[in-house]
Structure formats: C-alpha cells, structure tokens
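Quick heads-up: structures coming right below.
In the two complexes below, chain A is the common chain; its partner is chain B in one and chain C in the other.
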Partner chain A sequence: MIQAKELTEKLEMFACMQCGKCSAGCPESGKSGLNIRRIIRELTVSPLCELKQTDPLWDCTSCSACTLRCPRGLQPHELIIGLRGALIETGEIPVTARDSLEAVFKHGNPWGRAKQKREEWTEGLAIKNLSDSQAEILYYVCCAAAYDPRVQNVARSLAGIFNESGSDFGILGIEESCCGSETRRMGEAGLFEMIVEDNMKLFNSRGVKHIVATSPHCFDALKNKYNAEAITVQHYTQYVAGLLDGGKLSLTKNLDKIVAYHDPCYLGKQNDIYDEPREILKAIPGINYLEFDRRREKSLCCEGGGGRMWLEGTNTGERLAETRVKDAAEMGVDIIATACPFCLLTLEDAVKITGFEEKILIKDISELIVEAL
Partner chain B sequence: MSGIFVVAEHRKGVLRDITFEMLKKGRELAGASGESLTALVIGKNTGAFAERIAASADTVIAIDDPKLENFNGEIYQNILSAIIDEHKPLLIMIGHTAAGMDFAPGLAAAKNIAITTDCVDLKLDGQKLTAVRQLYSGKINAEISFKPAESYIVTLRSGIFPPEPSGTSGKLLSAACPDFPESAKRFIEYIEAATGTVDITQADVLVSVGQGIGDVKNIPMMEAFAQALGASLSCSRPVVDRKWLPQERQVGSSGKTVKPKVYLAVGISGAFQHLTAVKADIIIAVNKDPRAPIFNIADYGITGDLLQIIPKLQDAVLKLKGGN
Partner chain C sequence: MDIIVCVKRVPDTNEADIQISGNFINTKGLPFDVNEWDKYAVEEAVRLKEKYGGTVTAITIGDSESDDALRRAFATGADAAVRVSDDIFNGSDAVASAKILAGAISDIKHDLVLFGAQASDDGYGATGQAAAAILGLPYASLVIKLEADNGKIRATRELEAGMNEVVELPLPALLTIQSGINEPRYISIMGIRKASSKEIKVLSAGEISVNTAEIGNNSGTKTEKLFLPPVLKQTEFLTGSVDEIAVKLAQILKDKGGTF
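Let's look at the complex of A and B:
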C-alpha cells in the first residue's frame, strides 16, 4: 500500500473539481486503463492506494496535455510522476525502466553506453571542447544524439549550422552526462537531484552562461528543473530562428517537398514553443508547408516521453506515432519534420510498421536546414 | 596429493557431456604433469557409466548404492569428503552446473581446500595450478593463481572443452559407499521447463526477425529455420507491433536484453534501440539493404533476399548436422 497523502497535498489535488478535461485530453486514455481524473478522485477520497508494477501509470508519456488543460491550474502529470516514485521505492518498477535508471547512474546515459564514446559523433568535425577552451555557447548534445547513429546526424547537422552562422560554441565532450529528464519523469527523484547537482557543478566550473540543447527533453529539464537562473537555456529551434532573423544564416537551396511539422510535447505543450520551428520550416525555399489537424496545444503525442523509450506500458493498441504517420499519408505529406530525438525515432519506427517506408521521410528540422544551406 | 579426479555427472540415466569435457581437459593436464587421471562416478547401477568413462580415464572409481539413485548435493559432499581423505587428490574437477554448484563450494569449505568456480581453462605447472575465469560479463579473462597447496577444487564451465574420449582403457574399481548421515534434502521429482514459453534471454543462439521478413506468413519458415539451428526465435519491436510474434520475444531497450553466443538478425535494419539490447559474441546479419546500420556492427553479413537465403542456410545446417 502506498500512502499518497503528502503527494496529493503538495500538488494541491484537493482543488480538483473532477471536470474530466485532463482524462478527456489524455492521448493514452483511449487505449489504456490510465484515467488520470479517476486517480485524482480516488487519492483525494482515500490516499492509501494499492499500486503494482503493471499499473497503467507506466502508460503515461508525461506529455502533460492534462496539465495544459486543467482549468484549476493543477499538474496531474506530476501526480503520476510522484506515484511512480512511490512505486520505485517499493521496488515495483518494470525491469527495462530499472535497467535504464541504473545505466544513467552508472554510465551517465540510459543505454549504458561507454562514456568515452560520447563524442564519437564529432569524428571529422572541429568542435571546441569546454574542458580546454572557452565558448559563448554550450551545445548540450543529449544522450540520444551522442550515441544513437540515427540521431547523431542531428548533432552533426546542428554543429554544421552553428559553424555556418559563425556561432561561438563548444561541447562538454565525454564530460557531458544525462540531463536526467526521463529519470525524473520515471519517478527517480533522488537520482535526478544527484544528476542536477553534478551537472550544475560541471556547468559552473566551465563558466557556462548559455546552453543550446538538441532535445526538448534536455531543454525542458535544464530550463525548468535545474534552478539555473544565471544560465540562459534555449532549444535549438529558438536559437536557429534567432540566427535566421538576425541574417546570420541564409537558406538558399530549394527543397521541393510537402512538409508537415509534428510538435514535440516537451517543446510545445510544456514550453509553449510552437512558432520558432514553423518559422524555420517556412523559411526553407520551395517547401509546401502543411499543418496537421492535431497540432500545437492539441498535438498528438508520439509516446516517446515519460520514460516510454524504455517501457512498453500496459496498452497494446495502435501506437500514436502510427496514427500520426497515417494522418500524414492522407495529407499527401513527403516529410514529417520534428525537433526531438524521441519523436524522430518513434515516428521512423511507425513509418516502417505502417508500410510507408518508401513514401514518407521523418526528418529533424536541423537536417532540413542543412539540406537548404 | 597426487592425481587428478573428475567427478562424473549424470541425470536420469544419462551421462552428461560435462563429464567428458572435464575428462578431456583432465587428460591434457595429466599428460603434461605426469599425474594420473581418475574419474569418480556416484550413483545406482553405475556399471555402464564406468565402462564408458574408462575410455577417457586411467582409473574409474564407481560408488554404487541404491540410496544414490537420485542426485543429492549433501550426500555427494559427504562421499567426496571421504574420497578426498582416502586418496588425497591434487586436483578435483567438478562441473560448473546446477548439480556441481550444489556441493562444490560446501565441499571446499568443509575440507578447507581452495576453490575457483566457473573456470574456462586450467594450467598445471608441477603442483601449481592456474585457472582462467571470466570477469565483467566475459570481457576479461582473468588468470587466477592458487597459492601452492596440497589440493585444489575447480568447477569447469560447460561447453568449453570437446567431449571426446581419449581412447584409454582405464581400470575399473568399485569402492564401498562410505557411510553418510541422513540428508535433510529429499528428492521429489524432476520438473521439466514448460514447453511453449521461451526465455530468449537464456538462449545461446537466437534467430531474430525484423520487419524485413515482410509478412506474418513467413514466421513459420523462420521458426523452422531456428529449430534446425537449435536456436530460439526473437524479434524486433515492429514485429511485435504488427502482432506477428508475442511481446515476450521482443529484443530492445523496451523489450529484453539478450546475451547469446550467436545472434542471427534476419531482416532487422539495426536501430539503436534494438542493438543496444544485443550483447552477443557474434552477430550475423541478413538484410536486403547493404546500407542497413546492422552491417556496421555485424561480424558477418549477407546482403540479399532473405526468402531465398534462409532456406539455403537451413539446408546447409541440416546437412552439417547429418540430417536429410
């Protein structure tokens, strides 16, 4: 039994009026037993709850549609994170999630890859390392972009864009460690605190004042959960939109394609960044830009967040990324552009599963920019 | 303080391969050091076992008793204790198996003899023993030196040495069963692993299929191939998403991490999320796309149409195994 009294009080869940906007907007509620309104109701009536490893709590992608829609300004998704934490304390955690947390603790990345290989993606590129040089901007690469060969292309594209625009940037190289975003969302608050402390020490010792992040997940954690007021944190789409505005980057090559933008939840819903990615895409010559029906605040989650890259959850229904790809196919889209490593990977998988492999490409915005340079 | 003793292992009336693997290594050590090689077989009606083992040992000591019908680690330990007192062997080799590990550590502690478990190699230099065992999930082979002692106990990993007879005709001795106290353990029954469920994490050889197999109707073909190879069938996430195989077969960061000796990836492009959970000794890839990322990490690769390649591989495997 888990005592959730402290948690419900801390998150002011007693203010809930059970309107149900949270569960109505939840992308998982249609295909899983996850019902956030009901969880809040049950916990406010009786804070003692029985949870187990197979609980639909692990279905939550932490997209935070519930939080965005709550008319009382509550944060239901944080309640789920808190309950996951309580589950972890009792050892009731799916084994794949446990392994990824252990890998973050031991190796500084959720896949347990060697720290020494973290800058492998820089091979052949001349990039400053903040351990032995100074730079105005810290480019925070992210575990996925550092290790996953598919996402490494995003890191390389961004390094190319920074160089092209004359930006003074550097990386932390093998000293970079996981930002802890997914660690926190999986409920491991203690490990996350440790990560923040270590990373802040490193940032301070390297004199970091401005961070540009590849991933909306790192961006969100660094900006909102690190209490690093002295550091400006930007997602790369914000920074690049600024470069385009300031005339430091010009996109000249024609990209004769029909492109739709998929809003990453951690960028859009959680940080209100909807316009910059669109501005960039519209600045690419030749692009026929289309909007998904479910976009911006209503954007469909790809299900890669909240630790779901290491979890299957309990639902076996169609993956939302597949729904997204099918929508794109109906619109006649050539390229789904996004700005998040996890969206990139889940959508690419979905393209394979739905049989659109030859017809629809999934690209990160940075890759499209490089094509247009 | 002399002689190499191998403890034979048998179950349900069948001598297990580990017995002959240990005898093979024991023979090599005996040849190099001039020690004699003795096999011990403990059980009920061990005559046939002893005769077979005699082709690999200088001496076979058979301890036959109706009470020894089923394996009991405590009784083995007591009998071996008496044998050690009587013969004082230099080296006692025991299989690193469920049975061997049931009595080897207790025996070592009771007799105050140094033990090294799960050895993959042994060297005997005069009376000095060096063992090789693996560390860090097999990334490092560590040499373990024993302090000079009168006796050593080792347990040997299965499948390391070939189980070939050395062609000796060893002496057969039968020894009286030493007295042993009543054991608190009692044999009840053998429980076989349920058929149908597969633990892909325990498989030595995996045939893993991806989206590239094209259609659910090709699954039986892949199952047949896996069976011919003595492998288990696993898959990538898209195959589970399409419901071609159940989730228990999924390899990947949200599925299972597998550590087979051989991983045969068929129609798997090799996404990072998949490969990160494959810790195989050897990866063999079959894929139609020569640029598929799987080829970056595969030890061997075949580019081409798997529907043509797999039946040919299967024929070749069956031929090698002496089948049809």
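Let's look at the complex of A and C:
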C-alpha cells in the first residue's frame, strides 16, 4: 500500500470525472491487473490518497495513450510514474527493475554491460569521436543500439546513411551514458536528475548544439525532460526525412516488398511524429506501403516502454507484439518497419514466437534505407 | 538485538579489460560497488532489526571512498557506521583484515555479527570465520535462512549437492551470509542522499584493539604472483539442423557433467 496525497494533488487528479477513456484506450487494460481509471478513483476517494494494490503499476508501458485521450487534459501516465517513485523510495520493487536501475547507476546502461564496450559497434567504421574532434551533429547512439547485437545494425546503418549524405557527425564513444528515459519512467527521479546533470555537463564540454538520436526514448527524454533549450534534438527519422527533402540522399535501389509501419509510442503518441517515417518509407522505390488499422494515435503499443524491457508485468497472456505480427500476417505484409530499438526487439521476438519467422521480417527504417541506397 | 554487519567496497571486473601491475590490479576506470554477499548481509541485518528491534551498525575497512558502502547501509536501515582507516592496513590478507575488524567489533555492543560469505575481489571466504575465532564467537557459514529464538539463533546452512543443515547457536554469534538469503531492497539515489548527512565514525589503528605487528604488510600470507589464467580454446560452434545441434549439445552437457 502507498499513500500519495501530494502527488495526486500535484497532478490534479481530483479533476478526473471517471469517464474511463483512459482505461478504454490503455493497451494493458483487460490483459493485466492495470486499470488506470480505477487507480485514480481509489486515490481520490480515500482521505490520504491510498492505493492498496501496487503490483499492476509495473504493467504500465508508459505509452501515454491515457494522457492523449483524457478530455480533462490530465496526465495519468505521469501519475503511474509518480506512484512507482513512491515504491522506489520504499525499496520494494521488482528485482529485475532493481537490477536494471542499479546497472544504469553503476555502468551507465540498463543491461550492466561494461562502459568500455560501448563503442564496439563502430569496429571497422571511421566515425569521429567528440572527445578529440569536432562535429556539427552528435549522433546519440543509445544503450540498445550500442550493445544489443541486433540493434547494433541500426547504429551501423545510420552511420552509413550519415556518411552517404555528407553529414558532419560524431559520437561520444565510451563517454556516452544512458539518457535515463526508462529510469525516469520507472520512477527513479533522483537517478534521472543525476543522469541529466552528468549528461548536460558532458554535452556542454563537447560543444553539442544538435543531437540526432537512434531511439524515440532517448529523443523524448533529451528533447522534453533535459531543459536543454540551446540544443536541437531530433529523432533520426526527422533528420533523414530532411536529408531526402534537401536532396542530400537519394534512394535508388528497388525494394519490391509489402511494408507496413509500426508507430513507436514515444515517437508518435508522445511527440506527434507520424509523417516523417512514412515519408521515408514511401520514398523507397518499389515498396508497396500498407497501413495497419491501429496506426498513428491509435497505434498498438509493443509493450517495450516504461521500463517493460526489464519488467515482466502481471499478465501472462498474448503479448501485444504478437497481436501486431498476427495483424501483419493477415494483411500479407513482408516487412514490419519501425523506428525504435525496443519495438524492433519486441516485434522480432514476437515473429519467432508466432512462427512467422520465415514469412515476416522486422526491420528498422534505417536498415531499409541502406538497402535502397 | 544489536547487530554488526561488515561490508566491503569492491571493483566490478565484469567484461573489464584487466590490467595487472606487479601484484595489484589497476582498478582505475573500473566501476565499484558493495560486495554482493555483503548486500545480502546488510539486508538481513535490517530485516532482523525490523522484526526483533535493536540496532544495526555497519563497519568497513578503507579510505573515504568506502563511505559509499556505509551510506548504502544507512539507506537500507542501519543506525550507525564505522570506517576503520589507516595506511598501515594496506596489504592485509583475510586473517589480518579479520584482526582489524575484530578490533573494531569488540568495542561495540553486539548480539550478532554478520559478514558476507565471501568477497568478489579476493574471494578468500575466510574473513568472517577468522573474526569469529579472534572474537571467541560461535559461528556458522553460508547461511541461507535465519530465525532468532530466546537468546539463540537458528541458522540454515547451504551445503553441497542441494543439502541444507540447520544449526543452533547461542548469542552472541557470528554468521557469514550466502547470497539468496533474501532479496535486497532497491536503494534509491534519494535514499543515499538522505543518508549522506549521517555521521560515519572514522577510527585509526591506534583507536582500535589491534596488534599492528600482525596486519598490513606483516600479514601471514604474501602475494607472490598475480596473473590471468591462460585462455583455453574450448569454444565449439555446433552446426547442422536444430535437431542435430540439440543432440550434440545434450551429449556435450552429459560428457562434461552439466545439467543431466
């Protein structure tokens, strides 16, 4: 049980009229113990704003569908983050969340990989390091792209695209550290504050003015939670769409495939970036582009956000990424394209689990661009 | 119940490119943490306090960088912290470290003393037992379960081959704690910040009961050589269909005494 009077008041949850649009749009409602409308109700009717059952708080993927749909302009997903924060301070949190947070603190990435291995993905590539060179753009790689063997290909693809377009870019190498996006979403406000302070110090010492990020999660945190007004922060799809528009990149090779785009929640729902990824895909010659029924604001969450990469949650039913893959199979899709490392990993797992491994490929948009260059 | 728990700050060498100079590992650039077994010991001490009342005092040997381990103990729920620190301690082996810790422990009221079963850096797994001998306390090692009962403690010990042993000890006693006895709570950054204002008592060699002729470079053991073992080429990539690979893998596991 937790008491959260201050938080409930701060987030103005007493303005909630219990319409239920939040829980009706929540991807976890009905498949887990999470019912955001009921949580708000429970908090607002008890004098000390008590919440009895706290396990379902860890089901939230922080997709923010609730916030997008709230007619009162409330932010229920921020309420969950705050409630998780109260649990963090008691120390009673799921073990896997604990280990990932400790790893961020100790190693600067949630997987506990060694800092020295952070630039391993650059092997064989000539990429500027901002510790000894200057560049117009900081390519912020992100933990998943730096360490995960599958996502490393996204970083390599992006480095290739930047080189091809003549972009002046560099990386922070082993000095790069986690952006803290998922740390914040898991409720560890103190650690997030520390990460922001350290990262801003590093950005300033390296004269960073423009950041292009691999992941929508890093992009969202850097753009919206760092108070770094002097730095332009872009997701790579925004930057690459600009390169195509400006004629700095031309896609010439034919890709004769049926492709559907899966909107990452942190890019679409939370940052209103729906068009650039689609523009890029439609610029690839030969692609037969299809849209999912659940797309853009209504896109189905892959369940990789809000720390869920390190949290199982209370539900044991079908994963939403599996539902997504089955939808794609019905549409006759060859490739599900996405633009987020977490979506890439959850969807790829789902393809294996559902037995569509031979039929449907999961690709990051950057990888499709490289194929079309 | 008044409990003393000993903790150690250790480097994390996971995936690290280890550099050895002389008989020392160059720890520059390595991340540090509280020894894993000690985390379980601190958590167990705080849980015992929460259940039976009393106090928890954390003790460490080291310079001011080791304060981090004590602050984490405070954030877990410890009431007091002592750091014994002296240049003369440098080079102490497990028994010499036990002499230093026993010197500090003997001046603090205690019913129970907890150590982690071993440290992840030098891995002696002997400091707790040596301290028990010096302090004249009954002890049990590799404890995975604890119950206090009427001035006695009942400890379950983890033996080989999945066997457990239950032993009963009169208090005061000393126990070395095996990992897995509990699930240590998460220590938030806010919690550590709050703990940073709590007082850490720093004691030098002259302020504890220890014979300086027996510690540091006068330890019983001397390190002769420190080296990385040669890498043996035992990596084998299995090829064939999934079924063939599974059969080959099962055979290897059988032959090498794996999980079968």
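Methods note: the second predicted complex is superposed on the first by the 364 of 373 C-alpha atoms of A that agree within 3 Å, B and C clash if a C-alpha of one lies under 4 Å from a C-alpha of the other, contacts with A are read in each partner's own complex, and residues count from 1 in each chain.
The rule is simple: a residue touches a chain if its C-beta (ideal position, glycine included) is under 8 Å from a C-beta of that chain, and two chains touch if they have at least 3 such contacts.
In this text, all values refer to a predicted model and were calculated from it rather than measured experimentally.
S.K.: Since both structures carry chain A, what do chain B and chain C do when superposed there: clash or fit?
M.R.: clash
S.K.: Report for A:370: first if it touches chain B alone, second if chain C alone, otherwise both or neither.
M.R.: After superposing on A, A:370 lies clear of both chain B and chain C.
S.K.: Does chain B (first) or chain C (second) touch A:113, or do both, or does neither?
M.R.: both
S.K.: Is A:135 contacted by the first partner chain B, the second partner chain C, both or neither?
M.R.: neither
S.K.: Just chain B (first), just chain C (second), both, or neither: which does A:100 touch?
M.R.: It touches chain B, and chain C stays clear.
S.K.: After the superposition on A, what does A:150 contact: first (chain B), second (chain C), both or neither?
M.R.: After superposing on A, A:150 lies in contact with chain B but is clear of chain C.
S.K.: For A:161 in the superposed arrangement: first (chain B), second (chain C), both or neither?
M.R.: It touches nothing on chain B or chain C.
S.K.: Quick check for you: in the superposed arrangement, does A:171 touch first (chain B), second (chain C), both or neither?
M.R.: neither
S.K.: First (chain B), second (chain C), both or neither: which does A:301 touch?
M.R.: neither
S.K.: Have a look at where A:312 lands relative to chain B and chain C in the superposition and call it first, second, both or neither.
M.R.: first
S.K.: Pick out the stretch of chain C that clashes with chain B after the overlay, from 23-31, 59-67, 131-139 or 185-193.
M.R.: 131-139
S.K.: Where on chain A do the contacts from chain B and from chain C line up?
M.R.: 112-113
S.K.: Please give the residue numbers of chain B that touch chain A in the complex, ascending.
M.R.: Touch list, chain B to chain A: 211, 237-238, 241-242, 247, 250, 253-255, 257, 269, 271-273, 276, 293, 296.
S.K.: Write out the stretch or stretches of chain A touching chain B in their complex.
M.R.: So the residues of chain A in touch with chain B come to 96, 99-100, 110-113, 147-151, 308-312, 316, 319, 322, 345, 348-349, 352-353.
S.K.: For a test of understanding, state which residues of chain A touch chain C in their complex under the given definition.
M.R.: 88-93, 95, 97-98, 101-102, 105-107, 112-117, 188-191, 193-194
S.K.: Which bits of chain C are touching chain A when the two form their complex?
M.R.: 12, 14-17, 29, 31, 33, 76, 183-191, 193
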